[in-house]
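Here come two complexes built around subunit A, the first alongside subunit B, the second alongside subunit C.
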Partner chain A sequence: MKGMNEIGAVAAGTWHRILRMRVVYVLIACVLILIGSAYRYDVLSLGQHRALMVDVSLLLNTLAAILVAISIVFEISREFREGVATTLLSKSLGRTQYLVGKLIGISIAGVVITGLIAIGFGVIFATAFDQVAKTMIMGHLLVMASVIPMSALAILFAIVLPESIAAIVTAIVIWFAHSATTLSGIKIIYGGILPDLNLFNLKAQAAYTYLGGIGGQYLLLAFLWGIVYSIFAMSLAGIIFGYKDLK
Partner chain B sequence: MENVIEIKNLTKYYGSFFWKKPVPALHDLTLDIPIGAVFGFLGPNGAGKTTTIKLLMDLIKPSGGEASILGYPPDNVEIKKQIGFLPDEPVFSSYLSANEFLDICARLLGVPSRERKGRIAEVLSIVKMTKHAKAKLGGFSRGMVQRIGIAQAILNRPRLLILDEPLVGLDPHGRQELKDIILHQKAGGTSVFFCSHILSDVEKICDSLGILYEGNLLCAGNLDELLQDTGVRLHIKPEHDKIAKTLLSEASETVKLPDGGWELTFLNNKEVKQTLLGIKEQYKDAVIMIPAKENLEKFFFRKIADATRTN
Partner chain C sequence: MKKSLITHIIIMIIAAVLGAYLASLLTVQRLEIIKTGSQLSKLPLGGFNKFTSDVQWMLFINYCGGLSAVKKENVGEIYKRLNAILANDPNHEMAYEMGGMMFSVRDPQKAVEIFTRGADNPNLKKNWKLPFYAGFVLTQHLTDQDDPERLKKAEEMFRKALTRDNSMPHVFSALIRTRAKRIAQRKDWRGIPIVNDKHAYLCALFDEWRKSGEISGAGPNEEVFSGESVTVSDFRPRILEAAQKAKASAPTNKYILRTIDEVVKKVLKDDHLCPKCLTVYGPGDKFCSACGTAVEVYGTCPRCKAVMKGSFCSACGCPQKGVAAKPAVAKPAVAKPPAVKPAAKTLIIKPAAKRVNVPKKQ
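Let's look at the complex of A and B:
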């Protein structure tokens, strides 16, 4: 496909940059230590430490996914501010291609980071208790998939708003989007513009290893919904970016 | 196509927002750059040079007018495969090595994968950075970054090279090397459009130029045609010191040369010209007579002063 090489170059530059940061691996180690420490809460949780460990792993993995998504706001803003984007866009690279490259790059980085956390959790859980259940795997796969729409949102705000405001707005919007069920009464917010990130939350089912009609089809549909929402957000970002003056 | 760049009534205002008064950066610029030219774009800070370059590279959008680059509008992505661009204050991803950065650039410029390695090695050798190929860009000095910037600009063997202040940050040796690179590119058929503040260097490498002042083009054209004949310059050999001394009072500028000879400049004046022709006739071997041209620095300041007075 025409332009894929250019998109691939931007994507590779983005995930290389993030995955080369040592702090990422320190954070993954910290997350795994916290997940492992849930095993010691057997008294406090009245023997529910097994479910607690699953819950903590999904919560911390979701937080990691959110941090990765927000990091793209700083990445794009830095490239605009320092003029790196100017150098890239002076080549045979369209503005939308640049944004798509950034989305793919950050999504790959996000999937690798959340994937490492999920694998780490699997090893810890299997060592502490027994085999990892299918719902737990599905829960973590959905967290990994949620990186895509969250990053698309972050890119949209990075294009529209100044750096610090964009990061705060992205964090607030992601928080709202994760609370879709609780806040679903607010029609203005949930009129179809905000993503329903609650679709990617299988904490309850995973903690109590309950599937209840949720199968591979749900996983696929949630993933596809994330892709469709990302296309919507990226199209909007592409249109706005098309009119933007660069430093 | 006769021109590599064609600009017609190009205008740019910054900050035109509801409550903000728009700031004019470029006003009605019309300019053509012929194929094969080395065109120097001059002007004081804030004249609109970088704005023009950014408009040509589609990094900013025009408020009015139009431009074409190699026959296509600036927003044509494909045509950029034939353009080399060095931005003002180049900043590249600091975590990448020179090799990795140039590989990304080569991919973005559509350099075929089998040619990339060779091409990267070639440009690194041209800018004398081969031994730093694996070093991270973050550790490079300003001059080294500038060299990598030049390397990425010539990576695709461009038909048109657009350079924004390419001589900044380079030591005298580096400046000379860059001038050689530009002239080498020109010899290979590449057209060059660049802006610079270093007038002496511009004079040496440009064959045409334009001067921009407060967003308005003051003049543009061939360098030889633009610079005025200011008089006559006389080189007098050391053994004819006496001739020189009789002419000293008439000369507008006198320079005693290291070999003991003299270089005397005379302004355009009919009587003086007659006298000099007489001397030249009488002492054929003693003097060399050449027409004196205004230098670019004087020309530049004269144009700016005229524009300031008019404003």
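Let's look at the complex of A and C:
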């Protein structure tokens, strides 16, 4: 129970720090302006601006989720550099607890930011067109759920690699985890050891509402996979972090 | 420390196995949802294939805006751009429609290929336009329009369009015309030699009528329409018109008459048709209003020959055939009916010129 409190304290510190930054809200406002601007592409897209708006919202929301995940690399590196992590770990806080706290904190921050973008999109879409379809909501919920495994990957690389390299590697891994659909046929390795973030990608379904729905069961399973994969990544990070010397 | 390491490893292994299991479940479900996963581009676009396709689409529109016409020189470039759009978004309906239309004159083969791809996309199974356009280009724009394989493909496409939306009469007409062309090419329809195009058209319509389920079971060796049957509301008037035209094209040809006989027996059995021109006539009519041929009279009172309006004759009170007869309480209003042959007798065809002998009604 005590351990849980400590994890909670680390998590609260992380998400408070991120959500207190004004730049986050400026960026959210910019994202929403960009989503709204898709409405003006009705002529250039030959009337496809409706699908375009949904697609732009999902693209920008995914980019926001990736940026939030990468931000934890800098956060952890800064704490190592400034000795905050050493101070925290010299107390009763375990190394794994520290990592789990960071993951929960950044996940909450990511879900809040992507959630705000999703809500903003809903308002813009409902104003510009009509009611937001269920598939669009599901598409955004999947993006929000993808924050968890992406953050876990970022934490893993932040422990293993130096700050700037870790950020680049995280971005590359996230990019390829969204792209390598051909690898998804490889059992155990893909989805078990290597991340398959394409599972959170049903953007076309959200854009074309007539294509068929994304069921609640799929969303739940994807969310569960995100948590299970995060446990895997955190365990690996915990093992490596256990052998890491902190100054 | 050692215990902690073992715990971490065990958790890691369990999570990896469970994660792999969940991922395999999700992959199957995802493929079921997206349906066109195999058609998607393998380029590492970070999952932003749809957005890439949107950008490519807008660039394509810009590019097309700069063209004066689709020519031999730019066909390749247009096709390349369209393929790139469709590889990133196989559900882009407008790209199929617009792209196919662009090629329909300059390169009909490519137009058919694009329309067919769209028509075969399981996510676009409600779109009737794509298969219709494919069939249309196959039958209208290609130089070897009469190639049997091409006609077969066109027929499949028209049928697909009709099963998606059966409220389109022009799609149905296109389907029947294509089917008729195929029958005319084969020169044989269920053992009856095909005389002309009108005969083939009648056979095609009759086949379709059979297929629509009003008659159960065509013979095992009879080639009828492949695929699902369609429902078209004005089937009978169409068949009647086709039969009339076929007869007019060769009034004495025994093969056409045989076909018409079969069609009338099965499809138009409830209609009263002029034996010469196949025009429908009404109760009490003695001559065809279209050609003047004497026709078999029906729907008249067996006693006074007035036209029956209900169960009993309104002129003499005589019950209609099948209604239990009641004793007549009054004398018939009409003394003697005109000399027209009773309906029960067999059909007598009289030449139109003899009409002058019929007594006029007062």
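Quick note on the criterion: the second predicted complex is superposed on the first by the 230 of 247 C-alpha atoms of A that agree within 3 Å, B and C clash if a C-alpha of one lies under 4 Å from a C-alpha of the other, contacts with A are read in each partner's own complex, and residues count from 1 in each chain.
In this text, a residue touches a chain if its C-beta (ideal position, glycine included) is under 8 Å from a C-beta of that chain, and two chains touch if they have at least 3 such contacts.
Values in this document were obtained by computation on a predicted structure and should not be read as measured data.
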{"item": "Overlay on subunit A: subunit C relative to subunit B, clash or fit", "value": "fit"}
{"item": "Contacts of A:K91 with subunit B and subunit C, given as first, second, both or neither", "value": "first"}
{"item": "Which of subunit B and subunit C A:E82 touches, first, second, both or neither", "value": "first"}
{"item": "Superposed model, subunit A: greater residue contact from subunit B or subunit C", "value": "C"}
{"item": "First, second, both or neither for A:A9, with subunit B first and subunit C second", "value": "first"}
{"item": "First, second, both or neither for A:L46, with subunit B first and subunit C second", "value": "second"}
{"item": "Partner chain in contact with A:F129 - subunit B first, subunit C second, else both or neither", "value": "neither"}
{"item": "Which of subunit B and subunit C A:D245 touches, first, second, both or neither", "value": "first"}
{"item": "Angular separation of subunit B and subunit C about subunit A, which is computed from CA centres of the superposed model and rounded to the nearest 10 °", "value": "170"}
{"item": "Nearest Cα pair across subunit B and subunit C, whole Å", "value": "8"}
{"item": "Subunit B/subunit C common contact set on subunit A", "value": "none"}
{"item": "Complex contact set, residues of subunit A against subunit B", "value": "5-6, 8-10, 12-13, 16-17, 20, 82-84, 86-94, 97, 243, 245-246"}
{"item": "Subunit A - residues contacting subunit C, complex", "value": "41, 44-48, 51-52, 55-56, 58-59, 62, 96, 174-176, 178-182, 184-185, 187-193, 196-199, 201-205, 207-208, 210-212, 214-215, 217-218, 221-222, 224-225, 228-229, 231-232, 235-236, 238-239, 242"}
{"item": "Residue ranges of subunit C in contact with subunit A within the complex", "value": "1, 4-5, 8-9, 11-12, 15-27, 29-30, 33-35, 37, 40, 42-51, 54, 57-58, 61-62, 89, 91, 94, 98, 123, 126"}
{"item": "Subunit A-facing residues of subunit B, complex", "value": "14, 54, 57-61, 77-78, 80-81, 83, 85, 87, 89-93, 95-96, 104-105, 107-110, 152"}
